[in-house]
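Presented sequentially are two complexes of chain A, the first with chain B as partner and the second with chain C.
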Partner chain A sequence: MTGLEHAQKYWYPVAMLGELNDGQTKNTQLLGTEISVCGSNEESVTVSSAGQLLAVQCQYDHVWTTFSDDPYPLFAIPEAEEPGRRFVPCGVVRVSCSPLRAVENFLDIAHFPFVHTGVLGAEPHTEVYKYDVQIDEKHDEVFATNIRFFQPQASKSAEGSIETEYIYRVPAPMAAILYKTCPPKPEAMDVITLFVQPIDEETCDVWPWMALYDDTSTMADLIQFQQLIFVQDRSILENQLPRKLPIDPGHEIPTKADLTSIAYRRWLKKRGAYYGALEKI
Partner chain B sequence: MSITLYNYVLSGNCYKVRLLANLLNIKYETVAIDFHPGKEHQSEPLLKLNPAGTLPILVANGQVFTETQAMLVWLAQQHDPSCSWWPINNANQLAAVVQWLGFSSRLSATIGELRLHSMLNNTINIDSAQHGAKICLRELESHLTEQRIIGQQWLTGDQPTIADVACFPYTALSPDAGIEHDEYPLIRGWLHALRSLDNFLTMPGIHELHELGSTIRDKT
Partner chain C sequence: MTTEPIGLAQDLAPKGVMRAQIGHADMAIWRSTSGVISAWENRCPHRGMRLSHGFVRGESLACAYHGWHYDCDAKCHYIPAHPELEPPSTIRPAIYSVVEKAGIIWVNTAGTATPAELPDRLLGLRTITMQCDLSTAAHAIASAAQTNAALFNGSVNDINSDQTILSLANPNGTDGICILFQQPLAQSTVIHVLAHDSYSQNELIAISRWCESVRREAERIMQSSNKVEPAK
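And now, the complex of A and B:
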């Protein structure tokens, strides 16, 4: 199976439910193929490619599609059912980088003090403490736990700096979910996801989505907080070389802080998820 | 005195106002406007404030400004007793500043539009915007070269003015639109000089200058 054939077996976000507009067709691309999104709501939305209708489902405030007749199921986010959470689709940002690099960057904590200075990190608090990564065999996901990091402003709802706890899930090659300390509700965790629509191997549209406990911030505040952080990453991502993500060990020398990234690359390689990846130099 | 900025964090024009306010130590409030994906700047309440449907909007002591250049003039005139950022005592320089304020609109119309296209996928005429962006950057590079020859680091003299603030964001953000700075060494130097100013403020895509070790940090 080629990298493309493997990638075609997954579901991808191609529009936000809230942006659907009757009579307006949205033309976009998925895995190098032109597609069109039509319809005005969850019931009427269709996605087609070269005149053929594709499978559609609406989940997590987005429209998802796949090229496969027998796709892997769309991953579950149980928190999306929890009453009291606010669901925040943050729109789309296009990035000229491999979709896999967008996911890998989302999993990295070591860059926080340098790229998200004063928000998700600050010097001299640059140490990444020891954390654990495993493959969740039951769901076949990368799972990183026990991550703690000093953050000046962990979220819109945080008042002052806190030590934040993180958990990461990678449920599909082009999606990542993080759980982090929820300042106004310590017994729960906020959920922030990165849904990636691969335009081609070196371009992607990124749809951040959040499920938060925060009753005070305005929607615009919440969205801009997330966009600020993501666009701080954008210029870094567009300058990463090689353009495709190297997933063969030996291409790069990782450090201990890169544990999640190493597990992610191995997991991609094992399942043949080569779309957007550099197999050999 | 109350100053409220209706703000979008990714907008280069909103950033001009935040940057100057920071440089001049001016306190202000912000109201986040959901420009993307919500298109809130086109909503009824915002159109009432600004019929043009653009951002930023600045409300200062009840007076509403909707043109970025007017905001820069007002902030500088109100808060810079040295009259260096808005040099009202020097007719030649003042006219040059206004000239470059006009030029900054061309940067917004070319690089700014290209950036929205490459980031948020807005529909534009790419070829004409790219062509216009190159002409702007060459003009800026050539002007900065002439300034360098007569020993001046900034657009209109030996001190930065609101002209530098107005032209800085979209020039600095051009890599977001796929236009790198490699061909423009004088522009790179000028961007560096602006980023070195006390009370400089970053935005996504415009990073802080890296400190070269503890000696520099101790001095500041």
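And now, the complex of A and C:
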């Protein structure tokens, strides 16, 4: 199976439910193929490619589609059912990089003091403490736990700097879910996800989505905070060489802080998720 | 491989970083706080980030992504995520030979940099990128020099006989300006302009403007020659 054939077996976000507009067609691309999104709501939305209708489902405030007749199921986010959370679709950021590079960057914490200076990190608090990464065999997901990091402004709801706890799930090659300390509700964790729409192997549309406990910030402020973070990330992602993710060891040199990235690359390789990956050097 | 002029030394101050290209080689050129200049492959060995986006601290260049610090020998000596760790000596970007001479930064990507010989008493004026190939740029400069009697006497000398360094005499027939060509990509030409130290400030401004007009003319010629003939 080629990397493309493998990638075609997953569901991908192609629009926000909130942006659907009756009578308007949104033309976009998925895995190098032109597609069209039509309809005005969850009931009427359709996605088609070359005149053929594709399967559609609406989840997590987005429209998802797949090229497969027998796709892997869309991953579950149980927190999307929890009452009291605010669900925040953050819009889209176009990035000229491999969709896999976008996910890997989302799993990386060591860059916070340098790329998100004064917000998600700050010198001299640069140390990445030992954390754990495993493959969750039951769900076949990459799972990283016990991550702690000093953050000056961990979220819109944080008052001053805190040591934040992070947990990451990678439920699909082009999606990642972050659970992090929720400043106003210490017994719970905020959820921030990165849903990636692969335009082609070296271009992606990134759809951040959040499920937060925050009753005070305005929607615009929450979205603005997340957009700022992703635009900062884009300045890195569009300057990494090569644009595809080197999936085999040897081309790039990781360190202990990159345990999640190392596990992610191995997991991609094991399942043949080569779309957007640089295979042989 | 030849030695190429990639920039004016005066445009790279201490603590500065710039990007240059020679063919397919993408490079970061940087100057330490004490003035040491280095030219490296433009890729951090850790996660591939372009080092030309990095920042200089003391005698180190730090990558913009994770702050890995490299010393002037290109050895990584500090990884902020693990402050106590002594990084393996294998972590280093590829380095290129670089020298400064006559106000120019010279780089050779496949050997020792050996700068061309230039006339004396030249000072760096400016670097300009033109969206055209090298021969279009050279022809535009030569023909423009012949029609500006206020600045030049029209004589154009090919200093190293391969059209990559031209000298244009001033109206008295003596030393005028010197133009060094570099072609980082097929459709793009960089020129570094040096001017004799006897020019007045106003004359230098006039030469600088003349360079701009030549760039526009070269790009116009390039665009019109690229126009596709309409299908019949």
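In this section, the second predicted complex is superposed on the first by the 281 of 281 C-alpha atoms of A that agree within 3 Å, B and C clash if a C-alpha of one lies under 4 Å from a C-alpha of the other, contacts with A are read in each partner's own complex, and residues count from 1 in each chain.
Just so it is clear, contacts are C-beta pairs under 8 Å (C-beta built on N, C-alpha and C of every residue); 3 or more make two chains touch, one makes a residue touch a chain.
Note that the structure is predicted; figures quoted are calculated from it, not measured.
Once the two complexes are overlaid on the shared chain, A:Arg94 sits against chain B while remaining clear of chain C.
In the superposition on chain A, A:Met219 makes contact with chain B only, not with chain C.
In the superposition on chain A, no contact is made by A:Pro208 with either chain B or chain C. Look at A:Leu228: by the touch rule set out above, it reaches chain B but stays clear of chain C. Contact with neither chain B nor chain C is seen for A:Gly276 once the two complexes are overlaid on the shared chain. In the overlay built on the shared chain, the residue A:Glu19 is in contact with chain B alone; chain C does not reach it.
The intersection of chain A residues touching chain B with those touching chain C, taken from the two complexes, comprises 115, 235.
Within the complex formed with chain B, the residues of chain A that make contact are 16, 18-19, 89-94, 96, 115, 117, 205, 218-221, 223-224, 227-228, 231-232, 234-235, 238.
Residues 26, 42-43, 45-50, 53, 63-67, 79-83, 85, 87, 90-91 of chain C are the ones touching chain A in the complex. If you check the complex, the residues on chain A that touch chain C are 108, 110-111, 113-115, 123, 126-128, 235-236, 239-242, 246, 252-257. Residues of chain B touching chain A in their complex: 8-10, 32-34, 36-38, 40, 118-121, 175-176, 178, 202, 204-205, 207-208.
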